[in-house]
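You will see chain A twice below: alongside chain B first, and alongside chain C after that.
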Partner chain A sequence: MSKAMLEIFYDAAEKVNSAAINAWKAQGKKIVGNTCSYVPAEIFHAAGILPVRLRGIETDNMAVGDTYFGPYICSFPKCILQLAGEGRFAFLDGAVITPGCDAMRRLDECWRKAGEDIPGIVPPFFYYFDVPHKTAPHGLDWFKEEIRRLIQAVEQHFHLSITHEALRASIRQYNQGRRLLKQLEDLRATPEAGITGADAFAVAVAGTVLPREEYNSRLAELLQVLEQNLPAVADGKKRLLTMGSISDDMDLIRLIEGHPKALVVAENLCFGVRYEGPELEENGDPVAAMAQGYLGKSTCPRMYGKYQERLDILKQTIARAKVEGVILQNIRFCDLHGSENSLFQRDLEAMGIPCLKIEREYGPLTEKGRIKMRLDAFLRQL
Partner chain B sequence: MRPELKEYHYDWMLWRILAPASRVADGSAKELTHMYRYAPYFKGILQPILQEGAVGSTFLKMMTRYMENLNTAHRRGKKIAITTFCFSPAICYALDVVPVTLEVVTAVGGLMWKRGTFDYLDYACEIGFTETSCSSQRGALGAYLAGLGEEIDMVLCDTPGICDTNANAFAFAAAYLKKPFYHLNYPQGLADQRTEKYHVDDYKAMIRFMEEHSGNRLDQDRLREILREVDRQDALLADLEELHRLIPAPLPPIYNVFNYVGRFLFSGSPEYTRLLEQMVKKVRENVVARRSGLNSGKEKLRAFLCYIDHYSLNWNFWNWMDTRGIAHMGGILSRGFRDNACYTAELPGSSYSLDMGSLETMLDSIAQMNARLPMVRSIRGPYDQPNMWLEESLAVAKMFQADFMIYNGTPGCRNTWGMVKPFAREIEKHGYPVHIMYADAFDDRVESWAATQERLNEFLQVRGLL
Partner chain C sequence: MTLTAGCDVGSLTAKAVIMRDGRIIGAQVVKSRAKPEISAKEAMAGALTAARVALEDVAACVGTGYGREKIPFVKEVVSEIACHAKGAKWLVSSARTVIDIGGQDCKAMRIDEHGEVIKFITNDKCASGTGRFLDVMARVLGISVDELGRLSAGAKQPVTLASTCTVWAQADVIKYLNSGIAVADIGAGINIAMANRVAILANSVKAEHDVCMTGGVAKNNGVVQTLAQLLGRRITVPRKADPQLAGAIGAAIIAGQL
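Up next is the complex of A and B:
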């Protein structure tokens, strides 16, 4: 596997204005951002629009974020607002906000209000997508209707038509990506692991930015190379899993793997396989398929009362990837992941799986020294 | 947690303190004076309650009854549900389930004891609940998580997507204690047909859950009886709110607390109706005498609490307002949003009505009532959308002729901290000075009362209000 092969993934994972985004815009095509893994990317793909997950990377101050958000708010939405306020999301033709959590849904008001002070920072298509918190029949019905309304809003705003056939084709395209990512996860679960955690994470994060066809073809090429000659990356290192609240910080994975004995072999984050979720039903009503696939998977603590299901998924991942230690991280003020991480720690340690629980800030690793010290101590324990 | 705290149950201690306090209320002035010596910390809140005479006595008796119900529930064969202040307990009484409203039970402990609920707040964090979570649930919840309370049988909440920190407290409790859990989930809108149908569908599913875990069937006649009581309570509340508009405001500020504590603990119960009847009687007397509800008797300003109040030891915040002649015009906890309330005329779609004609209409009514409780009504959607926080705050402040607004909550309130700055800016554009408090309504350690008071005084001075 050559470094050049990974370059496109790293570029997409670590740059707001990535080459892929610039190339897409150069063709005169539209881009819509979203803030949560519960927004079906297939809707935009079927409309010929590039869906991208909004992130707060490359933020170096919070002047805008802190002006609108209060002090006790997670730094992730603040970083997104900061970038928006700086005009870094000028490539967006639209943005979809969801009630992923309280802080994320308030991005709606804060972004709109910031737009009154800084003209031009609110994308022309600015949409609130009301995702319910339950998978009961009435919750699923609500979500289906939300999907229909989103489709209609996209059609009206962008003057186009999104047919069921196009949606089914997009589902097939995204499912292919899901299968490829799963293949990558399977390779990481082998004794050799084949790829570093940082490289694999860059691939996973890039999936939320790159045009799907390109992503699938690049990932397929990468897998082909890996399968032909699987590097023994593990090589006596401790096999770790990272999980918890939102994290697209490549530097965090690099910091972990900077330790000579550490290798990240799996994630349970809202980027990567958890984000991509299970494959969607390719036949039948595509709206029902998206509703079931995106809402029914219950992989985020925003779906209250599903702790046991999430623990079961986590246990399967740990067993499959032969994980020896778990790093549970959450962004400060994320009570959902923060408290659930404690439950995971309690239950995993009872099973004999050592855990390290870290609370941190999103963005540039300002607490690098503190986290490194705790990681070193944890790895000594392993 | 300190070992001595593990000697007694938290809810039992509240009961054992409130029971004699309610009896003392019927004693002589001399007895009261002597008794205060033995309650050096509790007297900070006990005095203002007892000062209200028969109303204060009825309030203490209601609280005692609630605590007695809770502490004897299992002996009487009843199930206990922990729930939240934005959830009407009326349905619990209809299904013969005893509700533990965490926020109220936290506030009571916080007001009574020198150290408030600090040890319980901290215990919740010791076992992994986040320190950035909301103190309103965490105080009492800490005790229940430590096993220092009556055993909980089920967990009910209605705040996912409204206040995630609130919902998370209940989800955490259910997972930690391994108890059955149900949450009502509200969409971002309020009054459209699609949303109202969702309210009812979700509510019916919750009733099935409660029936399964309580072993009781919902009885139509019992529900009607409870709703009739709610109807009486709503009429009394509407009277109080109408009277509250007068200048000077004839409601003693503490009546706000009597009002919503009753609603959150005893909605649909005769105990709360009795309390409201006495409150209305007393307020009417004040009106006839043209008397302000303030101790000082002189109303200089009217403050609207656009969110919640502050419940620190010794009633500090309330005393501060009273001594400055500031009338408390209520907050989101004070309003019931029944269609007969004076402020609902300006807020079409915000209210609910009661129809006791059939089981279906009753379920629809109670589901819509529940959907209009604090937070789940006005903070469910973007603050500047129809029926939401901005519209409501402006309408209520105008109706009650408020001079300024105060925002106070807890650092755990991600939902309001996420947008309170733009919200306050909008409110200011309408001519209302707004003070954002950085204190914690339930935990004085976050910001000392001295610092909070200093900032409040500064606000009044800088804005030329006093």
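Up next is the complex of A and C:
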């Protein structure tokens, strides 16, 4: 795999001010950040705005984040607030905050409060987008209403019109990316795959930042190369799956694959295939299609009554990718994944699938030594 | 007569063991220096001298511990979890659960009849429950770690350390000292606090008979006895060799299997 071909993905995955973001802004166009997989990117795409997932990469201290959040809470929203407080999100014309979990919901309050003390850090369009916890009909109706309100708010703030036709075109564009990413996932699952877990993960994370048209064409090119029978990277390595709390941490995957016998062949994270979700209905009412796709088919642990479905998806992925060990990681204080990881460990180990549970901080991977010790022992166990 | 060696460079001490046909013929424990390669060389030099052999005579050496990647003379490096399991099995052949408390971490493992790890867990919250916790507390009390271990026997009313954080617990200990509470009661409270933290890990791996304790803290009878009470199981402390050597012993055994 040529480095040049992957460069754009790594740049987008590992830099807050990526080349793609800078190029977009240089054209005088708008960018709106979002914090969770429930915000339909198609709304912004249809409005000619670049939707980007807000992440906490490149943080090197927590002075702002800790001040407003306090110490005993997930470090992911704290890292986002830290970057906001340092003015690193100056490229944002807007931000949409969702209650993916309670810590993420608090980002809305903490960011606003920090904005009172540090002028200019709250983007001009700052919107709280509510998301129900149930996919029952009344939950979907509520979510449709939230989507309509968000569309209206974007139209009013940015003085533009988002037509249903434009939304349908955006859904088609995003669906294409979803299909391509799924192809990459299927390809990675084979023992003959010529792409490492780190490279594939960089591609997945980059999808949350790059302009969609560019992403789709680059990903299609990459898939063409991968289909030309590149040398397999598996080479007798143990096939691992990573899952759990939010993680866009390339260093974690590098650390795992730094072991000569480890290869990450799949993920179940809110980056990648799960983040992108299933394809949306391209015809009919686009609002209903987005509600159904983003909420109705969501398999995120914040949703009530979805554990069995998530476990089934996990089992299918494990079987498809011939996974030999599962790494369950969660960010400290993560209630959703912290508790769910224990259930997964119980159920997977009962099926004879070895699991390693790791609790860590989001942000710079400072716990390398301790994590590596456990990884080494786990790989030996396999 | 194959000679193998194991070198375990931890955060507080570095250990080296030389084995001949499954028996220890030389061992050394030294305080860790800032550079792991220096600690490793010092420990190995001591072990070689004790065994009256030269490094060239050793067929294979395995490195382990936090400084394992920097040890210059090893054939392979292996996670300390695997080494401690093997070492504990050699020290106590009936062991099925191993609790190892090192300088900066604490591990609980369930192992099979070959000393292979079935399930393990390490502390990942903070320093309490590690050897460093006892180190800090002994220093506050102005006694050695060994003396701290013996204090539990003479305690009448052990104090309660409410906090699991090393720094806050230290503040509690200073408060108790200043209010004139007997050192034995404070020391026993420290050992109980330590055992409480370790019991959480041991319960997490579902400890099974026989439970064996390794690492320097295995020499602290106060912690061992309290932990045995908390787990409701007898804890075997190795007598065959210094329990602190378990990681290095395991490394030397693995070296023999390379």
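Heads up, the rule we're going with is that the second predicted complex is superposed on the first by the 381 of 382 C-alpha atoms of A that agree within 3 Å, B and C clash if a C-alpha of one lies under 4 Å from a C-alpha of the other, contacts with A are read in each partner's own complex, and residues count from 1 in each chain.
By definition in this document, a residue touches a chain if its C-beta (ideal position, glycine included) is under 8 Å from a C-beta of that chain, and two chains touch if they have at least 3 such contacts.
Predicted, not measured: the structure shown is a model, and the values here were computed from it.
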Regarding the shared-chain residue A:Arg380, is it in contact with chain B (first), chain C (second), both, or neither? second
Once the shared chain is lined up, is A:Arg370 touching chain B (first), chain C (second), both, or neither of them? second
Partner contacting more residues of chain A (chain B vs chain C): B
When the two structures are overlaid on chain A, which partner does A:Phe9 contact: first (chain B), second (chain C), both, or neither? neither
Would you check which partner chain A:Gly139 touches, where first means chain B only, second means chain C only, and both and neither mean what they say? first
First (chain B), second (chain C), both or neither: which does A:Tyr294 touch? neither
Kindly classify A:Tyr215 by the partners it touches after superposition: chain B alone (first), chain C alone (second), both, or neither? neither
Which chain A residues contact chain B in one complex and chain C in the other? none
Counting only contacts in the complex, chain C reaches chain A at residues 66, 78-82, 105, 116-118, 120-122, 124-125
Which part of chain B faces chain A closely enough to touch in the complex? 127-130, 132-133, 160-161, 163-165, 167-168, 170-172, 174-176, 181-183, 185, 187-189, 194, 198, 201-202, 205, 382-384, 411-423, 425, 438
Quick one: which bits of chain A touch chain C in the complex? Just the residue numbers, please. 357-360, 367, 369-370, 373-377, 380-381
Going by the contact rule at the top, pick out the chain A residues touching chain B in the complex. 67-74, 77, 99, 101-103, 105-106, 108-110, 113, 128, 130, 132-134, 136, 138-139, 142, 145, 301-302, 304-305, 307-308, 332-336, 338-343, 345-346
